[in-house]
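Chains: A, B, C and D, in written order; residue numbering restarts at 1 for each.
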Amino acid sequence: MATTEGALVASYSRGMKLLEAGGGARARVLRRGLTQNPMLVYRDAAAAERACATARASLERWQKLVATTTRHGALRRVEASVIGRRLVLQLTFTTGDAIGINMAARAAELVSADLERRTKAEARFVHGEDVEKRANARAQLEGRGRSCVADATIPRAALAKLARTTPEKLVAILDSYRVGFAELGTQNWLVQAANGLAAVFLACGQDLAYVGECATGQLDFALDARGDLYASVHLPALLVGTVGGGSGQGTAAECLALMGCLGEGRGDHFAEVLAATVLAGDLSLMAAFTSHEFVGAHERLGRNRPAGRPEGEIRPRRKLRP
Amino acid sequence: MATTEGALVASYSRGMKLLEAGGGARARVLRRGLTQNPMLVYRDAAAAERACATARASLERWQKLVATTTRHGALRRVEASVIGRRLVLQLTFTTGDAIGINMAARAAELVSADLERRTKAEARFVHGEDVEKRANARAQLEGRGRSCVADATIPRAALAKLARTTPEKLVAILDSYRVGFAELGTQNWLVQAANGLAAVFLACGQDLAYVGECATGQLDFALDARGDLYASVHLPALLVGTVGGGSGQGTAAECLALMGCLGEGRGDHFAEVLAATVLAGDLSLMAAFTSHEFVGAHERLGRNRPAGRPEGEIRPRRKLRP
Amino acid sequence: MATTEGALVASYSRGMKLLEAGGGARARVLRRGLTQNPMLVYRDAAAAERACATARASLERWQKLVATTTRHGALRRVEASVIGRRLVLQLTFTTGDAIGINMAARAAELVSADLERRTKAEARFVHGEDVEKRANARAQLEGRGRSCVADATIPRAALAKLARTTPEKLVAILDSYRVGFAELGTQNWLVQAANGLAAVFLACGQDLAYVGECATGQLDFALDARGDLYASVHLPALLVGTVGGGSGQGTAAECLALMGCLGEGRGDHFAEVLAATVLAGDLSLMAAFTSHEFVGAHERLGRNRPAGRPEGEIRPRRKLRP
Amino acid sequence: MATTEGALVASYSRGMKLLEAGGGARARVLRRGLTQNPMLVYRDAAAAERACATARASLERWQKLVATTTRHGALRRVEASVIGRRLVLQLTFTTGDAIGINMAARAAELVSADLERRTKAEARFVHGEDVEKRANARAQLEGRGRSCVADATIPRAALAKLARTTPEKLVAILDSYRVGFAELGTQNWLVQAANGLAAVFLACGQDLAYVGECATGQLDFALDARGDLYASVHLPALLVGTVGGGSGQGTAAECLALMGCLGEGRGDHFAEVLAATVLAGDLSLMAAFTSHEFVGAHERLGRNRPAGRPEGEIRPRRKLRP
């Protein structure tokens, strides 16, 4: 992790100890596929509808077309939908272990230009329904990049010892968080996913602009039959690469190699490491919230704090009458 | 900007030339205030409602309490709302030119603990309605950190010369983008804000986990009475600091100083620089989309591309029958 | 309730019995205020910002202006915000016990026209940020019309006897529903609020087009210290009237009168009845889901079903091998 | 239309005259399919993932199972996704010309119970990801019930004569409305769709609780090459029936018959009539907003207004100093 925030590393480390106490996290990639959604504009809805039918019948043609421009990726799926006189083309690519966005953009350019020619579109925008680098509802439902789940069972005793909390308290705080998230209208139902992802992305040469899109999904806590805590994170849209981009450069390659996440065939593993990391961080931070240790920990471990001299104490210096 | 993406710097540079051609961007901070939303849980809704009344009457008391813990920030506003038996406390702080999150968390801890004691809450979560580091609807409506607007008028001739596009084409593409964003259910109605913010944040020692929260808001293009382009970006939630955090460290301080954004009294200026940067990037990228130069530019300028040897050409190598 | 769906009345009746078993529901109006959000468009953001300052200083002036056009309502609050070169004016009115939308529209017309004249807006749209009759994030955060909460404690024994369920099962199903609602990106975190509201609105001469806006908010279930169920609904935006509109006509007036909800001074009471009704319906339906009686009940009680002759049985007619 | 709002009928009538002036509206159903999303909860994510594979391989089995319970509907598609340890089953049914919700619920009960038995789920909720009767992001992306588009070209002269507006003004107001809707976080990007749908639903025996779900989608205005207005509405989720439910009863059947929308084979036609109606209403209301006739029209045509005696005048009774 690359960060200037001292408490962050401590928080994730503690979360990993919690995971370890339960035998480790289990993480799996559920779905793979980089989407691009070019938009074409037609004379009217009927023309868009005809183009939609053409698009849906063009998978094979476009697979061949895409094969002329890349050896690394492939077009896997074509869907299309009409909104008034506009057509949204939904292209799904496999991109191997690269994030693959440049390849996919190039392929989307070829494919959408081909459709434009054949259907006489009035305008064409290669990134028209632009899902890139933004939290969005489509990614929650369809996934983007790699969709990943990580879960673990944390023994009650470990929660008590390492984090001074209980499964019941963690279930209760998440219950309240969900009420808050519902009111906030967010697609990031995780707690500090953005922190962990940004720190690992920076260390590992990933594109930091994806943090907002990647840090969406859901956290879950439940009390299991034996009184321990079941915890999971669902990350529908992890856009990361173990080849290409910044992944092969300098310390980034070193960091990836250290985790066994460098190069071909390591994309799933890297996504799984990230999901387990997010789980660790959210566990630890929620525990700190339940035990009211969050602010104190920042005082002790935070940046900009000369040892032993917090700017302010947690307890007020003078009493206030109730 | 710190980035491994070659096309990015070129894109923002071109956008800045476009802004310059129109006399530069005008940026202004509209609102300041770091919010924290502790949540308290009560026996029932009636108890939450009573606590809500107590909270609303506690501004002065809490201002004094906050003053005991920080010299840099101040509590400016207290609001509270009831959701069932939960109370969401909405605290707004001024934090000077630091991002101020640690100060605000400490103050929120004191304030919410005081309310807990006085109103006998069953549970209290200092970050309960957790707005931190996530795109959310509340920030769109209320702002968070600094809300900033940047606008500019770009002469038609400059658009033609520098970007091979027209005001009409830019208005039309934004029209289509909005249809797409509406379907996507996103709070980021900008185009590549996340790119520019991440690159400047990294160069200037800002917390990268805020990229997803900061890169929300709206882009606007309009044709003005003289046939030129009016363009603006609205960024409701810029969370940045010119003191504290990573801002004073090494090259970050150098980068901030270079832009006149280092230290006390420079927070607004830094936010305005960021807003103008976002405007430049979105102008340039939308222009590239309208002129169909986006993919080609990535080929020429992108990372991982040995000069003159693109992995694939934009034109397919063999003709396809229509 | 006016409905052609037989199971609906049975469901709400059962829910009311559950509420009764716990001593009845407690409902309260938390906030009142009908909002209107005219939008004005300016030359640029600086002009919009100046108009924003003018608007914020105009409360008294506009209160007098509104007083010239209505005796029933009053302007209570003026807020304004800038998005690029647009100004969103946030006007909050009290409207007594009428829904008051026509009064508020008339007042918003006067107020926004006055601001237009004084600030030389290029365009003005009286309903510009049009919150009317749509589920939206602003209403979740700020409320609209009447914000209402209803809660109750249901004894464990009553749940077992009347609905063959337990507090634990209800807490668990809501937990899963929240995961689903989060993925759905909805502002309606209730279960069948739309059913109950539509049926009462129809019976009581309310405007049915408001059902989608009114049926938003949150449901909450919790296990209390004695092992009973605490349940609440939060309805931030109830737009109803006990005077004006269709409320005084024929059977609508009779229905309102029957509930003590007809005429001046009865608006809060009507909102509270609605909130309690929503609570009853959501309790009953969630119970039916946990006991797997939902589909069977529709078979027995549903419309279009000749007595004793369901179209299909719940159990498949032939066995399938596992 | 059944409504107590006088201005409403006038508004839709005027809109229809506008459509007529351009040769009428063209409406088409783009997609059909009633979805149900049962949720099953497993021991952990691995078990949910295994069940997901089982579900995806069960289409034929479940088609047979559904065929045992209904003659009117059929299971067309099975998809499934994992969120942590939960499985969301996405079942899509054709339901002929009935809304089909009871049939689909019954079928979803059978199918999800079958999966529960085969995969040893810990819990099962037949409506678990409960899309019913709420505005939601899934319906925007996938459609529900019938997805319908209606479009028309309105001559400039007709807009001038019938509505005192221009294509340019309508494009401009929609541009501002979109900025407002973006900030509001709504899925209803139409203007008064809820009004028209509620009035027709009431007249035609439809389930009024669906108004909020049906009144979502997008409105589009554009200036065409000849200077006329292109207008369209996109309604992704129309849940209506021309058989079953309240459609066959009394005046509802008469109203449906009047429009040629009663009985088997008329579902698409009814959806198309509704889409054209929504287009008419949004055209007319937006025109009224641009010509500032909205409030005046309500005064003249509204309910509760003794002829010639508006409660307040639009112009203030006394002058205010600027």
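Quick note on the criterion: a contact is a pair of C-beta atoms (placed from the backbone, for glycine too) under 8 Å apart; a residue touches a chain by one contact, two chains touch by 3 or more.
Since the structure is predicted, the reported quantities are computational estimates derived from the model, not experimental observations.
Common neighbours of chain B and chain C under the contact definition above: A, D. Here A-C and C-D were compared by C-beta pairs in contact; the pair with more is C-D.
Between chain A and chain B, two chains of identical sequence, the interface residue sets overlap for the most part, with shared numbers making up over half of the total. Mean C-alpha position of chain A lies 34 Å from that of chain C. The distance from the centre of chain C to the centre of chain D, with each centre set as the mean of the Cα atoms, comes to 19 Å.
Residue positions of chain A with contacts to 2 or more other chains are 83-84, 86, 137-138, 140-141, 179, 181, 183, 185, 187, 218, 220, 222. The residues of chain C lying in touch with chain B in their complex are 26, 28, 30, 44-46, 49, 81-86, 137-138, 140-142, 149-151, 153, 185, 218, 220, 222, 230, 232-234.
The residues of chain D lying in touch with chain C in their complex are 4-5, 37, 39, 41, 61, 64-65, 68-72, 83-84, 86, 88, 102-103, 105-106, 109-110, 114, 117-118, 123-138, 172-173, 176-177, 179-181, 183-188, 191-192, 194-195, 197-199, 201-202, 205, 207-213, 215, 244-246, 249, 289-290, 292, 294-295, 298-299, 302-304, 311-314, 316-318, 320, 322.
Listing the residues of chain C that touch chain A in their complex gives 137, 140-141, 175, 178-179, 181-183, 185, 187, 189, 218, 220, 222.
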